[in-house]
Structures are given as C-alpha cells and as structure tokens.
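Per-chain numbering from 1; labels A, B, C and D assigned in written order.
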Amino acid sequence: MNRLHDMFENLKQKKEKALVGFVTAGDPDISVSLRMIISMCKSGVDILELGIPFSDPTADGPVIQRSSARALANGVSLGKVIGMTKKIREETDVPIILFSYYNPIHAYGNARFYQDALEAGADGVLVVDLPPEEADEMTDTWAGDGLSLIRLVAPTTPGERMKHIAESASGFMYLVSKTGVTGSDGLDTSEIGQHTELLRSVTQLPICVGFGISTPEDVAAVAAVADGVVIGSAFERLIEDNLDNPDLVSIITERVCEYKAATKL
Amino acid sequence: MNRLHDMFENLKQKKEKALVGFVTAGDPDISVSLRMIISMCKSGVDILELGIPFSDPTADGPVIQRSSARALANGVSLGKVIGMTKKIREETDVPIILFSYYNPIHAYGNARFYQDALEAGADGVLVVDLPPEEADEMTDTWAGDGLSLIRLVAPTTPGERMKHIAESASGFMYLVSKTGVTGSDGLDTSEIGQHTELLRSVTQLPICVGFGISTPEDVAAVAAVADGVVIGSAFERLIEDNLDNPDLVSIITERVCEYKAATKL
Amino acid sequence: MDKFEAENYPDSNGHFGAYGGRYVAETLMPALLELEKAYYDITPDPAFQDEFHGLLHHYAGRPTPIFHAKRLSAHLQGASIYLKREDLAHTGAHKINNTLGQALLARWMRKKKVIAETGAGQHGVATATVAALFGMECNIFMGTEDIRRQAANVQRMKLLGAEVTPVESGTGTLKDAMNEAMRYWVGAVQDTFYVIGSVAGPHPYPAMVRDFQKVIGEEARGQISEEAGGMPDMLIACVGGGSNAMGLFFPFINDTVEMVGVEAAGKGVETGKHAATLGAGSVGVLHGSKSYVLQDENGQIQEAHSISAGLDYPGVGPEHSLLKDLERVRYVAINDSQALEAFQTLCTLEGIIPALESSHAVAQAMIEARRRPKGDVIVVNLSGRGDKDLGIVNQNPELGS
Amino acid sequence: MDKFEAENYPDSNGHFGAYGGRYVAETLMPALLELEKAYYDITPDPAFQDEFHGLLHHYAGRPTPIFHAKRLSAHLQGASIYLKREDLAHTGAHKINNTLGQALLARWMRKKKVIAETGAGQHGVATATVAALFGMECNIFMGTEDIRRQAANVQRMKLLGAEVTPVESGTGTLKDAMNEAMRYWVGAVQDTFYVIGSVAGPHPYPAMVRDFQKVIGEEARGQISEEAGGMPDMLIACVGGGSNAMGLFFPFINDTVEMVGVEAAGKGVETGKHAATLGAGSVGVLHGSKSYVLQDENGQIQEAHSISAGLDYPGVGPEHSLLKDLERVRYVAINDSQALEAFQTLCTLEGIIPALESSHAVAQAMIEARRRPKGDVIVVNLSGRGDKDLGIVNQNPELGS
C-alpha cells in the first residue's frame, strides 16, 4: 500500500491536481486542531502536511512563526503530533506528511521517529532544514522505506543539483515557488512554470509547488503546471483571524472547498 | 617718603605688630567697599591689601573666589581699583598694596600699571602668580622703584631659594603660613615660628604672615613671632555673611579693632 | 589525550567529527556551496591574504599587543597572566577581524549587500564598519530587547550608515535576530552576503570565521615566545559562539598547552538561567549546524541567560563540540557575579575595563593562576573592551561606585 | 619661512620665545623645580625610556597604525588623506601616551598620589587608568557641568578606582577643573603629582607633555615614508591645549612640510562663542604659562565654546603661540557644524567614528585635500574615537538617524 502513489494516480484519472494542506499541529489547541484537520481531509485536502512546531522556525514567515509559538505554548511536541497523526489516520486515508525542522526529530531519535511515525499512519516526512547532504544520518537509521522523505527544490537550485536531489527523492517533489520564507508574497506563475518544467526533466515523481500561494486564482494558475498545490500560510492566517471563533472549523473547511475547486482542470 | 618703612618703624616704637587687611576691591559693591575700606584703615588696619578680582583665582579658597566673582559681576577692573586707590589715599596714609594675579596687570600694561598705581597712591604690589623667575618682565618696564614688589615665601620654599627671593625683595616679605589656598584652616603656629626664624636669617625686611589666620587668638600667636599679620578670608567671610546688612561697615570695623588689639604685645 | 589533528577538520562536507554540517533550507544551499567554493578558492589566494592582512594592520590596528598583567598576577600569587589585547582592535573587540575577512570575501564575490545578526551590537557595529569601509549596503538584525539594552551600539551602527532592523519575535534577543537574518537571507540570497558573527552557522562559516580569527593565536604565539621565552602553559578564552576562543586556540592546537573555554553560567548552571551550552546542553541542530545546544527534551531551543549579551546564546560553534568530546579543550562556566568581580579587579589593578564577555575569561584565569606555580604562563584572550557594558554594570549594586 | 630650531625651545626658564614660563604661586615653585629636574634628569635615562616605550607598546597598543583613507580621498578628488590612528590607543585617545609618561615619572619620583583635571573626561580616564596600573591614589577634578555631560567617562574613572571631585565654581567646565586641581595641588604638593593633560600649564609641562606625545609624529614619519614613499606634504591636527598637535608636528618641525593646527570655531568666531584661542585671542597668562588666551580687555579669562568638550578651553600651549608667531604652523578654525559634517563623512565613508575633537582636523583636511593635487599626501591626526560623543551627536538634529 502506498497512499501517496495511489492518491496521485487517482487524481490523475479524475483530472485533478492535489490540494496539499499545511497546518501546524495543535493550533489553536489540540482538540480544535484535530477536528479541523479531519474536516479538512474530508472536504478536499488531498495531502495533509502536519507541521511540528519548532521554537526557531528560520524558514517561516511571521504567520507560521506565530502559529508555531501558539502550538508550543499549548505544549505540543513531536510525540503529541504523532499521537494526533494516529487519531487522524483513524478517520481518513489522506496521505499525511509530517513537516518539521530537524532538531525536534533529532531530539526524539531518528530510528524511534521512523518507527512511531509509520505506526501512527504517517506517509512521509519533510524536513525543512535537512538537505540531501545531511539526510543520510537520519535515513540510515530507518528500519525500512515505509516513510517517504520528501525532497525540496528551490528556485536557486541549479539544474545539476536538481537532478541529484531528484535521484534520492520519493513520494513527490516539493518545489519552492520563490526565494523567501513561507507566506511571503509576489507569486510569479510564469517562473513557476519554467521551474516545474525543468524539474520534470529530471524526475518522474509528482511535483507539488508551495510558498506564497493564497487565493483560489493562485491555486488554479499553479495547478495548471504542477501536480499539487501547497497551501500553508493562507490557512494559518485564517486560523489566526478566527482563533476564538466557534465557527473556525467550518470557515477553514469552506476555504478548503474553494481551493479544491480550483485544482480541478 | 616711604609709607611702608615708616609704618613698620612707627609700630616698632609702639611695640605693635602690623595688622594687614586684605579685601577684594568692589565687593559687595564699589561704594560700600570704599566706605568700608576707609573705615578699616582708620580703625586699625596698618597695611591695606587691595585685591584686584580675577576670573581664575587659582591660589584662593572658595571664600575669596566668591568675593572675586561678586566684584567682577559689579564690573570691577584693574582700572577701577586704581581709581578706588586714589580715593582711599585721599582719606588715609595707610600703605596700600595692590594684590593681583598677573594677567589683569599684563592686560593693563606693565609700564602703565606702574605709572597709574604710583600716581594713585599705591605703595606696593603683590602678584600671587609671579615668582621671581618671571618678575623681571614686569619690573623691567617700571620707570622707577616707587612701588615695592612684595615677595612671597612659602613653607615649601627651601632655604637657598628663600635667600635668593629675599635678595630682590623690598617693603616687607610675605610668608605664607601653610601649604594650601587662602582661607584653608589648620594653623600651626610653632611651624610658623620656625619658618619666620629661618626667613629672618636671610632678610632684614619686616615679615608678614598670612593664609588661614582668622581669630584674634591666631593673630596674637602670629604677632608674637612676625612683624605683621595678614587677615583676608576672615574679613571676606564676614562680608559674605552680611552682604545685604546695612551694618556691614560697622561690623567689619569692629572686627578690625579686635584684631588690632591682638597685635599689641 | 589524543593529538587533535586540526588539518582534518572540517571534512569535505563541513563536518567536525559528528558536528557542523549544513542544516539549512534548500534555497540557501546553493549560496552556501558558492560560499564554500569562494572560501576554498579565494581566501587562500595570496592577493586576498595580502589585502586582508593589510586591512588587519592598517585599519584594525593589528597586531594587538600582549600585556603582562603584573599587578593582577602578583595579587593572585600564582601563575603569570598575559592579556591578548583584542580590546584595542578597531571597534573594540576581536569581531572586526572576522567582519573584515567576510566583507572582503563578499567584495571578491561581487556581492553588494551585507547583512548580519547582532546581540550586544559588537558584531553589528563591526559589520556596519566594514560595510562603510567598502561602500556596501548593510542591514543589521537585532532583537528589540537588545536594541533597548544596547542603545549606544544601535546609534553607532546607524551613524555608520547601516540599517538596523528590529526583531520582535521570540524574546527579542540574539537567537531571534539570527533567525530573522536567516529568513531575510532566504529571500535575498542572490545578491546578499550574510556575515555571521561567530564560528557558528552552517559550513563554511565555522571554519571560515575561525580562519579569519586565527590571527589572534598566530600573533599570540610569537608574542608570548618573545615576552615569556617559550610556549604558554595555558590559554583561556570566553565562549559565546566561540570565535575569539577558536581564534586564540587554533594555532596552538597541536602544541602541548592546556586550553580552557569559559562559558557563561549566568545566575548559576543549577538555576537553569545560564548559557553553558557545552557544559549543560546536549547535541542538537540550531542555525544550520549540529553542535551542543540548550534545548528541552522535545528539541525546542531554550533561552540562554547571561549578564554578558555576547555570551547570551543557546548554541556554540561545532568545532568546540568536537574539542570538548576529544577533551582537547576543557570547558568551564563562570557566573554573573564572578564575572563582575573579575571585571572590577581588572579595572582597578590594571586600568583596563574589559568587556563582560572577556571578564568571564579573566575570572577563570584568576582561579587557574591561584592554583599554579609562579613560573607558569597563562594567556587570556581579552576579547573586547567594556565601554559598551557601562550601563549594565551601572545597574549592578554589587559594584559600588 | 624661518627655520624653526626646535632644539632651542624651551630655554632654561621654560620659555618658548615670549611664551611659556612658570606663573604660579610660590608654594608650587619648588615642586615645579623638582619636576623640571626630574624631567631633565630622569626622562632621558635609557631605563626610563625603555620602561615608557615598553608600556606604550604593550599597554597602550603602540605603534598605532597609519591608514590611507581611500574612500574619503576619492570622494574629495584631491590629495590623499592618511589618518594617524590614535583612536586605537588604549582608552581611546592620544591622552594615554602622556599619562603613562607622567605617571611613570611620578613613580620614579616616588610620588604616591596623582591628580588631574579633565573636561570631556578623556584625560581623566587616561589618568585614572595609569593610576590603577601603577597602584596610585588618584583624584580627578571635573566641572559639575561636564560631569553631567560626560556621565560615561565619570563612570569609567570611578570603575578604575579614581575619586572624581566635582568642581562647582565658575561654569563647571574644564577651566574651572584646572583651577581647582591647582588649588588642591597647592595644598598637597609634597606627596602629589599633578598630571596635566595637555601641552599647557607651567614649565616643564608644555615641554614634557610634548616629549611624551612626540611618539605620534615619530611613528608617523616612519610609517608615511613606508606607505606613501616620502615625506607628507601637510600635517593637520586639532588644537585644544595642543598636545596631539605638538605630538604629531614636533618630529617634523625641521622638515619642509606644511602644518595646520585646527581650533574650534564653535558657533562661529564672529559670534564670540568659540574656542579659537590662537585665531582670536591675545597674549596673556593662564594656568601657569604665558600664551594666547581668550580674555576681555581687563585680562579676565573668557568662556570658550565648542561642541567638542576637549577643545572647549580658553588657553593653548605656549609652544603653539611661538609656532604661530614664527608662522611655522598655520592655525585655522572649524565650526561646530563643519565638525559634525566631517564626523558623519568619516563614519559613512571609512567606518571610523572619530572624536568630535578629531573631527575638526578631518574637516580641515577635507578643505585642504580638495585644493590640492592627487599626488599630495596629507596626514591627519585622528586623536581619538567618538564613542564618548554619541550622546552629544545624538542631540544634534543635523545628523539624521
């Protein structure tokens, strides 16, 4: 069974692109977060990126920084996120990618992390600050290949390096839409098109594009060239604007539907 | 005619020592100062030291500093002090010593100063910061020897130097009672005795002792060994304490009488 | 003790044994690879070295002297203490050695903008200084709390023409400033050179900063031989990120000389309010490299605490982690009040106002000197001057004045 | 221009032509004679010179470098400007050269206490520093107004163990502090050494301070020959009392090099609010020597005005008066806003924050360099660093930040 592979195949047949939804686990609190995530998965998110909060998120803009800080204040840890994963998995078959900085995983223990994440039902892991050069120390401890290590490619990545990165990738490839941290604006869809094309020339894997995508129009534009569209800060901003709103879950769910609609060609 | 010489001779016959009174010219204001000085001279001051105020009186303690500052604020200048001298001389034969720092004299002009001071009736000049090493530049411009240049000797002055200073002295010699600025306390009369004795061994001139003498008892103790006793800060303190007191002149005059009494052996 | 073969580190991936490396977002990797190439190709070029050493000499005022602190030594009745006077370098600390090197490299790489993080403001001032010297645009990231505490250095940076970007996130201190500088760099990496202020950060920074700072130890080697007639018995330096310490230690690393790195114990290691990363931390990844860090059991980085802003950092350079494991360097910690006492002692016995960072090294030297015979020679890196710390010291009731 | 025969001055009475001398109370004369004897007997002693130069090297950080300010020179499109970096000396200004010399002499004379006057606090800090170094008691006289304006330097002196005596008299500035120091000295002359901070005061101070400062010019002579391949065309230094200027000029005095001394024009010489003693004063006697002074027609000393506390003095060293009359040195004046502009220019073009005093010299150099061909070489004495002036500069709306 490979949920990621099956999902992309399935979408291809439906002539849809994947809506990849990122949320920080445990924000605004663990129970609302769980309800919200399950609802998102049931209403259109094709791949869940579950963010593990970190004290020093150097690749993230202010919106995700604040969301991380709230989650940490709620006592969210990698262990708890694995617990949440298990609960989400009980409710949905949507592929789950754990999204993390390396230090929390390192502190948890690489081998233990593999075991527990897999058992909980995760499908992959994306480690923002673990480039291929450093990744072996983690994957070498893994007792199998049940988890995909999602590789990132950036606009600054030269062709040769792209190829090299693609070689060790599995699941899908994450193409960063632009230089800058998450949530920064100024999306250039023609540039994304070029980068996607370049990346396609070195990999057979599906390509998901993320960073700075916020409107359904953005989604449609990116969906036209990529296999998946990642939405992160846009969800987080909505969460932040509705922290105490009892309708938060339905507001987010509604937004998921709008985005999902835009992924259908 | 030599008022200084005659005065010391006269006192010697009366078995008295000279009361040398210092006041800053023009403090608290020119007219009160004039009245006060004339009254002092008429009631017991044997030699008048008339202080020319200076902006930077580095050899003076706070009391005389403040008195200088008040006089300057009243517009007192060397020229005006010479004018005051003329008026004092019209009223009394008491020898008048102009007491100054060098800069006001230098600015006035050394030759002109000699001429004008002599004409006004001054008998000598004491320049606090003009040691013998530098004095020639002033006296060389003098058109005669009508003014005595009063020389100072300090407790720090070694014997050889004392002798050298005494050689060029005239009028009387001023023995500084102690190291320190004017008005500082801690009078040591036995030390003064020794210094006076030492000085006597190198000069025939009368010796006046000053700095830090304030009570009639001090005066009597010093009068026992010296030929003259200089009172400065003690008068100035009294002036300062009675700046707006209409009885200032009589208060000072009374004090002069007390001091004078103490100079009679 | 194993011989530490300095020439083996870092390896070709920038690892110092188990430490170091490049733990950064992919967006930055190409820039780091470009920088690594420049570091290996350009910095050894004799023309580069000439220019660098010319600036160190004419601009930064090197060589800085080594000074035999005779009254301090006599007071301690033990070993002789010599002070390596980095406090006399231009801008007041050793930081200028490194910023000159990096800015010069930036110029050779035709970068027109530099950025830097700063805590106490010393590295920020040193970066703003070289940016002015080279006519580069300069943006300094500094936590809002540090901006408040170090107003004079903020003013200096601005006078030097730099922009100072306040960082509100986290606790508004050095760690947050470095986070924000990295974020900014991710967005501006094509034309911007990031001048990191210590032997921390991703490869090649730890090696490169060490190499730019090793002039300290190279000079000290020659000077101490001349002054004291031989090799010293001990070297002591404070360790924040660890650049002044690496700068002093590195040229002696294969000699038989004891080395002591002094971290900040803050209010006491046992209170949890400290910055003793090597002494009380554990291995983790922060700001692009693996090393000891202060973290909780979940891998969340913890706040550091020290009276000295320059040591107030929960990470440490990866080479120090290796040196610790190899036991080539002994790492100890000095608390706030010991540092203040050493500060005051150096002021009144030698007429030198040390930086609070450097005061930690002096405090340890006072302990070591007392234990050692008179003939022994201890070299202390006086990494900076204390003018910047007057405000902090002033608030301290222990220092009567 | 007549050749100035430096070796003829001062004469045996401490006169520089019509200037100098010893205009002091008799109580001080024996001390000055003792000091003169020590100056002639002890300071030339090779053992003294060795110790002095050892301290200059190991403690004060000499030689200070000479730095070719290329960006400033290019900006001016004229002569090349070289900066003699006294800002890098320990405590941040040239003042330390002199205080080391005098304190060392005090020690040779077995004096246990030193006193000094200070305005901006630089000389006070430098004196407190050497007093700590030599374990001497130290009392610094400082006007209450200056204590208020220069709080950081007051704190430095206290940290160094000195007593700071506030002087309320007059306007509570440098002149008054010097008055008070002299008064104190009169009372304590037997065991106290008075460390005067400039080439002012009674003989032998002007000659002695010059001799302790001439290391600046001696170094610069060698350095500029090496860097620029010959003698400079012009030397420029600011003149408060005149010690940094004499220190630079003296070793060049018999060379064919133009010399320019820069006084402070404050708000403009025409406004009367200035410190251009040589430019707008007249001959008089102040603080023990004859020289140009600012005075009214009655010989009362006037207040000086300058944004720079170290130039804010109504007197000047007697040797400068002679050099002015001989036309060996040209004296000019730079006003507050010109000095501030030069301050800012040096900050942003060269990454050096100069003292406001030194900024006056830089401002004049900017004028001179523009007028001269590219091949010409101007050496500017950068007498101190500007950290002490941040507060003053901060208040100045002209410097946006």
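Going forward, contacts are C-beta pairs under 8 Å (C-beta built on N, C-alpha and C of every residue); 3 or more make two chains touch, one makes a residue touch a chain.
Being a predicted model, the structure only gives us computed values, none of them experimental.
Touch-path distance (fewest steps) from subunit A to subunit B is 3.
Contact with subunit A and subunit D alike is made by C.
When chain centres are defined as mean Cα coordinates, B lies farthest from subunit C. The distance from the centre of subunit A to the centre of subunit C, each centre being the mean of the chain's C-alpha atoms, comes to 37 Å.
Each chain gets one centre point, the mean of its Cα atoms, and the points for subunit B and subunit C are 67 Å apart.
Touching of two or more other chains is recorded for no residue of subunit A.
Contact topology of the protein chains: linear, an open path with no closing contact.
Contact between chains, per the stated criterion, is found for A-C, B-D, C-D. Looking at the complex, you find that subunit D touches subunit B at residues 13, 21-31, 169-170, 175, 179, 182-183, 186-190, 283-288, 290, 293, 295, 297-301.
Those residues of subunit D lying in contact with subunit C across their complex are 57-59, 61, 64-68, 71, 85, 87-90, 92, 128-133, 135, 152, 155-156, 158-161, 227, 344, 347-353, 387, 390, 393-394, 399, 401. Interface residues of subunit A, counted against subunit C in their complex, comprise 54-62, 65, 72, 77-79, 101-108, 128-131, 133-134, 152-158, 161, 165, 176, 179-181, 184.
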